[in-house]
Each structure stands twice: as C-alpha cells, then as structure tokens.
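As structure tokens, the structure follows; a few thoughts come after it.
First chain written, first letter: the chains are A, B, C and D, and each begins at residue 1.
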Amino acid sequence: MTTSQPLRVTIWNEFVHERNKDAVKAIYPDGIHATLAQALVRQLGEQVQVRTATLDEPQHGIPDDVLAATDVMLWWGHSAHDQVADERVDAVQRRVLEGMGLIALHSAHASKIFRRLMGTGCMLRWREAGEKERLWITAPGHPITEGLEGEFFELPATEMYGEFFDIPSPEELIFISWFSGGEVFRSGCTFRRGRGKIFYFRPGHETFPIYHDATVQRVIANAVRWAAPSGSPYFGQSRNIEPPLEPIQRTHLADPSLHRHG
Amino acid sequence: MTTSQPLRVTIWNEFVHERNKDAVKAIYPDGIHATLAQALVRQLGEQVQVRTATLDEPQHGIPDDVLAATDVMLWWGHSAHDQVADERVDAVQRRVLEGMGLIALHSAHASKIFRRLMGTGCMLRWREAGEKERLWITAPGHPITEGLEGEFFELPATEMYGEFFDIPSPEELIFISWFSGGEVFRSGCTFRRGRGKIFYFRPGHETFPIYHDATVQRVIANAVRWAAPSGSPYFGQSRNIEPPLEPIQRTHLADPSLHRHG
Amino acid sequence: MTTSQPLRVTIWNEFVHERNKDAVKAIYPDGIHATLAQALVRQLGEQVQVRTATLDEPQHGIPDDVLAATDVMLWWGHSAHDQVADERVDAVQRRVLEGMGLIALHSAHASKIFRRLMGTGCMLRWREAGEKERLWITAPGHPITEGLEGEFFELPATEMYGEFFDIPSPEELIFISWFSGGEVFRSGCTFRRGRGKIFYFRPGHETFPIYHDATVQRVIANAVRWAAPSGSPYFGQSRNIEPPLEPIQRTHLADPSLHRHG
Amino acid sequence: MTTSQPLRVTIWNEFVHERNKDAVKAIYPDGIHATLAQALVRQLGEQVQVRTATLDEPQHGIPDDVLAATDVMLWWGHSAHDQVADERVDAVQRRVLEGMGLIALHSAHASKIFRRLMGTGCMLRWREAGEKERLWITAPGHPITEGLEGEFFELPATEMYGEFFDIPSPEELIFISWFSGGEVFRSGCTFRRGRGKIFYFRPGHETFPIYHDATVQRVIANAVRWAAPSGSPYFGQSRNIEPPLEPIQRTHLADPSLHRHG
C-alpha cells in the first residue's frame, strides 16, 4: 500500500506582476512559482517532484502530457485570468475530475478554473491595506493542519478578503480568518469534484511576502500531500448498461432509439 | 413575514420528443411542460403563477425579463442540450446566484445549466428497460418529503440511472433509489449556489408516464415551495471596501494600482 | 398544503440568574423566557402559540405531554446545566428525533441536551468583557436570514465566544462572528438529527440586553419558522422486515435466534 | 513529515457469540477480533501494531492507558451493547475527541459509543436472510476506496440493513448498498468529532464469513490508515481568555462572578 513514487507537482503562475512591477519583483525575483517550488522541495524533499508553468508558455505550459503527468497542481493568478484559454481550462477541469489535486491560492478565487469547478461567482470583499490577519483552525483533526501548534496563526500584513465569499458550502472548513479591519473569511476550504480534491487557501499576495512565511509554506505542503490522487478509479462517462446485473422485468418501450445521453 | 404574492414559476422544456415521436406524444400530448404546469396548479393553486418556455421560442422563451420575473424554474431537457445558447445559460446561472430556485428534472442532469452550477461532468450509468424503481427517504424531516407517508415510494417502470453519479456531494440527500436491475442512485439532492437553491430530482422520462404520478407531482410541488427565494440579499460582486469598518494599522504598499479584482 | 394551525413553541429557561442577581434582573425582570416570548409574539403574531417552562417546575416544566404538544423548543441555560435531569434530556432528545425543532441559545452550547445531540464536548474560548461583535452572513439564501438587509449585523457589547468550537461540522453555516478582541466564531449553525431540525445561535447573555435587540429577535423568529416539523414521518425504530419487498434467494442460517437488534 | 512509528490499533469485540454459538465459532473460531487482527497485519504489515480487547476483560480491556496508547480503535458488538460500562464509553468518547480514530463495524451501529458520538438513535431496517449485497462507490477519490478496481463490490450472502438509517448526515458518503430484497443503505460513512475521525462500515456479521472477504479487509485497512490521528492539537476545553489578543473597549459588567462555563 505504500509507494516510493514522488508526487508530481506542477505550480502554475500567470507570472505577470513579478516582471512588470518592481515592488513585486523585490519580493519574488524569480516569480511566485519559484518561491513556492523551493518551499515545497524544502518541506517535502524526495516526496515531491516539482515543475512550474506560466501563462506565456505554449499552451500556458500545461499541455495534455504535462497534465497527465501531474498529481497535484497549484494555481496562482491575479491580473490575467481572462488570458487563460478556455480550452486549457477544460483540460484542467477534466484532469481534476479524473483525480488530479488542485490547490487554488489567494486571488485564484477569481480564476477561470476555480470558478468553473465551483459553479458560482467566487467574488468577495477586499481591501489592500496591509492589515493583520489571524487564521483560526476549525478542523483540528485535518491533515492540512499538520504541524500547526496553536489555535491560530497570524500574518502581520495582508490584503483583506471578507465574506460573503460566493462559493458552494465547503465540504470541510479548515480555517476562518479574522481581520483587524472588521471582516471574517472562510480561508481554508476543501471540495471534491469527481475523483479530484480541491483546496482553496486564502493567504498570499504579490506585494506581501506571504509565501515566504514558514507556516503558510507548511500548510501548502500539507495540502499537496492531502490532495494527491487516491482511491478507486473515476467512472465519469455516460455508460449504457446492458445486460443488467440482475434479472429484470422489462416494460415495452415504444422507441428505444430516443435515448442517447450526455 | 407572510406574503400573499404567488410564487412565479417558469417551466422550461426543450419540447422536442413530444413533437417528433408518437410514443412520447401519446403520454405528453401538449408537452411535458404542460403536464407539469397542470400538476403544479392542481397541487399549489393560488400559491403559484405558472408559465412555460421552450427551446424554439426567441431566447428559448427565457429572456432577461422573464428570468427577472421568475422565482423558481423547472428544467427539462434530453436530446437538445447542446442547442441551448451559452448566453442564456449564463443568464440563468446569474439568476440562480441572485436567488432564483432551480429544479433540474431527470435527464437535465446533462443540461448545460446543471453542469455549469455543479462544476462536474454529471454523467451516470443508465439503462432503458422499464424496470422497477423504489425511492427511499433519507432525510425524513425535509420539507421536500412533505406528505409522503411511508419509508419509500415506487415507480413500476422507469429508465434506470445508477452510481457513480458525478456530482459534488449534495448538501442534503433526500432520496436514494433502488433499481431491480441492481443499481442505486442519489435521486433527490439539494445544493445551494449563491443565494439560490437547487434540487435535482431523478424521476421522469419521456416514454414513461412518470410526471402523471401523484407522488412525483407532490415532491415537485414541495420542491417548488422549498426552492423559493428567501433570506437576505445576495452580495456577490467584487467589492473594494474603504474605509475599513474598524481602525487599522496600514502597511505601506509599493503600488496599489496593481489591485483590481474579478 | 397550508395550515392555519399556529406553531406551538415552548421556551425553556433555567431562570436562575434573573432571580438571584440584580444586574440580570434589571435587564430581564420576568426572566429571559418572558422577553423571548414577547418578542416571538410580536414578530409572529397568530402564527405562534408560546408557552414557557423553567428548571424549578415539576419535571422542569416539560413533562411528556408538554413535549408532545411542542413543535419548536427554545433552550436557555447557563449556571445550572447539571441540574437538568437526565431523564428529561432523554425525553427531549426523543422528541427532536421525532421532529420537534430545537433552538439552542448562547450558553446552551454547554447544556446536556445540546451536547447529547452533537456527540461532542461543545466547549469554546470565551471572555466576559463587553466587546463588539459583528455577525457576517455566510448563507444569504437561508430562511433564517430573512429580513436582514446588509452583509452583517452588529452587537455593540457582548460576551465573546471563540473557535475552536467543538461541534460537528454544521450542515449549514449561517453566521460567522468577528470580535474586536481578535476571535471568530461559527455563530449560526444548523443540524438535522432524526426528523428534527436544530439551530444553534450564539448571541445572548444574561448581563447584556441581547434579547432586546430587534435583529436578534428577528433571527430567532425566523429560526422558529424554519425549525417547525415538516416532511415525512420518522421511522427510527429497529424494524425486522419479513417478508422482503422483492423475492430473494435465502442463504441458510445456522441459528437465526441470534439476531435481535437495538 | 513522515514517521516510521507504526499505527497502534486496538480491536474491540464483545466476543459473546463466538463462544456460545457453534455456527459463529465455526466461522470465527478465535473471535471476530482475531480474524480482523490477522487481516490488518496481512494488509498493513509493519505499518500497524495490533492489540485486541474484549468485554469480559477488566475495564473491557480498554483502561485509560490502553486508550492513551491507541491511534485507531475498531469496535464490534451485537448482543451485549448494554453491558458496556458507561464510564468506559465516556473514556472512549474523550479519546475520539482528542484524535483517536474509531471504526464502527456492522452491528456497532447500535453500540453505546457510536450512538453517543452521533447523537441519534442509529436504528435501521434489517433482515436476516443471507441475501446479496452490492456496495456502490459514491466517493471515488476517497482514500478508503484505495485499491477497489470497479464501480462496486459484492457480498453474496449478508444480513440486510436498510434505510432510514437514523444517523446525522455523513460528512462523506463512501458506499451505498443495494440489497436483492429491495432496500438501500448508506454503508460507508465518515464523521469528524473533535479531532477524531470516525468511519462506519456496514458489512460484517457473525454468521456470515464477511470478515474473511478480501475486499472488506482492504476497506478496513484503508480506513485504519485514514482514521489515524493527524493535524493540529485539540483545543476542546472551556477556556477563559484574558487579556484579549487585541485591545478592546470594555463595557462595564455588573457582576463578572456570574460567569463560569462548562
């Protein structure tokens, strides 16, 4: 039941702000994806094999063969959600349904892929003021909280995201954030779609060094392990079953040719 | 807190099979939508005001003003899902997020609007054999089960739908079906998206007289009442909040112009 | 489908602090139950028929015949949870499973009946400092939020309750509280147990006039309507089913006398 | 993040039928616990360290030190639920809240500990006829389904359990059973209580060789791994927090001595 195969992680970043804004470049000189990649390798060592992909690469760096070879994908985007090709969004969604884990970070709440998987608008209140955030643990037994020692952890200066956050009710609510400006937010949320596991994690911003924070890195590493493909195969296609598993009494159908699904 | 305003219900039907197949015409001479409309009026009387809409009408019969004047929408489609314009799917989704109830019937599992709101493929096993279905109640306190007297109800001859049904985990699981051919199915499922309530109800088919069944009619009428808009307003837009509700200590931001959401 | 029968509401209060502490008596001279009863009648008029019951009455004022004639029960207790007889807790639990709604208010988080129905410890962080609370709506379409106009409502001075709140994951999370002292809390939570609906609502305290607040009163009135019995009957007993609904192939059993359930 | 420590598993069995009924002794000569222990060791090898405990031992074989040294507990009981001391039930519940996993097998649905953790009656329909059961997977990505290759698995002859099963809505529904006699059942259900994970698994009976089935053994082994303690510590006690984390404006309290929780 154990495996020595490393988890294959692909970190996707639109990689725009880090190239055109000095303030962001100062914090993430090689891009947010590079910082995240280093953090994952530091945390998980040989348990992971990390690659990165960015918007400006052909097929955004995530052609079908890369997706097929990805166990867990991290997604970071902010200013260029609209530039992601719908065709690639379709492909990522298919892979999630088949079992690929997806970790949507911070402003990825508004990405095409996250909104696609949620079925809602995913919008929220926000404020760019560098205020304090305190993340409270509401699911202490969850593997994503592994290694957190207290009842909460803090980020001294962040962008605020506040409720109402227009997502479906999360299957597991891991963190709720308190902000000094008066808001709260469901900051750590899990969802299952098809065979795939999804984790939305609020912290992170391009002008604050959030992804250099050790606790944030730990949570993301935990989430990568949690979101790894597991369980039985995905049976997601339309499938006409004849003969039945058990003998049945059939009722006459006028025109069976009517029936085609999906 | 009470209101004498009737619920405004729009029953949408692709209305294809009833016109081009004699077997279907025999069961639903004026279309499935007409049968459902009569049933709702019989069940709910002056509590509802029912209109119908079909695929071949301009804007499929559901232009923005009709959607704006709809509290609960029923959706039936089977062979022409692809002919529904994406622009109308967008509009229906928006209205659901704002609070319109949606009841997806039977083969509407594969409709664009249902798949959009679920974020998954929504496919399933199926068999067209007219076998027996028994629907077990798994949420006895739910308003959608009002008036059902036993632990289950039966349909003598139906199309089978079986698991794995590729939907997100329902928020409330109301019915599980047993089929004589050996399958089970989550046949009554509720979901919330934005401010809107969604009910998926499996029974129904164009070549079986399912929508003439009194219990099926009762469940649909219950669902219409349950799915009616309620509660507080929908705050679903991206909203930048300044000044904050509480005094905060601001951290310098290099370039606030970076930040635009949604 | 409509009924002119009023909802029969029983408000239970331990009624201790209001008699032995002047500070509490000043706010609730006739007891918290009396204030709640007046508020419900003002909000719901002839839709409800309200009675009250207190700890010091025979059988705590809730003998079986009172329970049998109660559709929704409100529960308030703080200092005398241990004085509630287990036998009455058993009786209330049975009635909830059969369909009676239960609204647990504030410090009722630690009551025997709430802990019984949750299966957990239900403890929390708290602070008695009269700080500000802001309740954010996280389920805008829910009937319990009916009539609330904004994204949140506020209480200027309250006792603080903070996470981790040791409850099972709520089925619907209606409110999350922000406290000026730095905590958050899941303040409006629904649960189903058997055929009964349960709402936990955090606001309320004996030394703050929380139950005189119009919004708090509105939420409680909404909850009473939401928690009313509905749906199909409760089949909760152990039941041996012979003959089976469908013909089966029986496998020989060595000793059927072994098997008795529950 | 990895550990070489084996999971400490305690298998609890009331161990009554295997001693007083020849039919049961023939299938489980050393008790169901012995069969389960051998299966776990065969499946998980050095990943687990297994001990067993039975009703007739002092403190039912689960004194506090054994509980403290248990990561995951399996529970099997049928005819002697009432003989389990409430004091031991309290102790097991406390350990689950602290993080110990609990796997309740088959007729353990009616055990004191399972009912305590659920807060409901946990009763169901049943029939002792040795009919066919087919378990359908409804959560294909779940670790508990690891290694199952098809859409379902079958047991040729079992006791039937049918809905309505009086449990709270499961957090994850892993299996739904189909029975040839006409019933369905939520056969694999997960719950979180405090920091602990709970899995209810329906298959198993003393007069059918269910626990000799390789797939059943695989699911139980998967569940042991899934239910292992994980995540952050459990903060479950009542805790008065002074001073607050953030500066607050205090409102005068007439008598702070009123307030003591839990």
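The working rule: contacts are C-beta pairs under 8 Å (C-beta built on N, C-alpha and C of every residue); 3 or more make two chains touch, one makes a residue touch a chain.
Just so you know, these numbers come straight off a predicted model, no measurement behind them.
Undergrad: Could you quickly compare B-C and A-B and let me know which has more C-beta contacts?
TA: When the contacts at B-C and A-B are counted, A-B has more.
Undergrad: Of all the other chains, whose mean CA position lies farthest from chain A?
TA: C
Undergrad: Starting from the mean Cα coordinates of chain B and chain C, work out the distance between those two points in Å.
TA: The answer is 31 Å.
Undergrad: So what's the Cα centroid distance for chain B and chain D, whole Å?
TA: Once rounded, the distance between the two centres reads 36 Å.
Undergrad: I'd like to verify one number: the distance from the centre of chain A to the centre of chain B, where each centre is the average of its C-alpha atoms, in whole angstrom.
TA: Each chain's C-alpha centroid was found; their separation is 28 Å.
Undergrad: What are the residues of chain C that contact at least two other chains?
TA: 125, 134, 137, 139-140, 151, 162, 164, 169, 171-172, 180, 182-183, 192, 194, 234-235, 245-246
Undergrad: Sort out for me which residues of chain B touch chain A in the complex.
TA: 17, 21-24, 26, 78-79, 93, 97, 107, 110, 116-121, 123-132, 156-157, 159-160, 162, 164, 166, 168-169, 171, 180-183, 191-194, 206-208, 234-242, 244-246, 248-256, 258-262
Undergrad: Show me the residue ranges of chain B that touch chain C in the complex, using the header's touch definition.
TA: Interface residues on the chain B side: 1-2, 43-44, 47, 99, 134, 137, 139-151, 171-172, 180, 192, 194-197, 221, 225, 229-235, 245-246.
Undergrad: List the residues on chain B that touch chain D in their complex, please.
TA: Per the stated touch rule, the residues are 125, 134, 136-140, 151, 162-165, 169, 172-173, 176-179, 182-184, 186.
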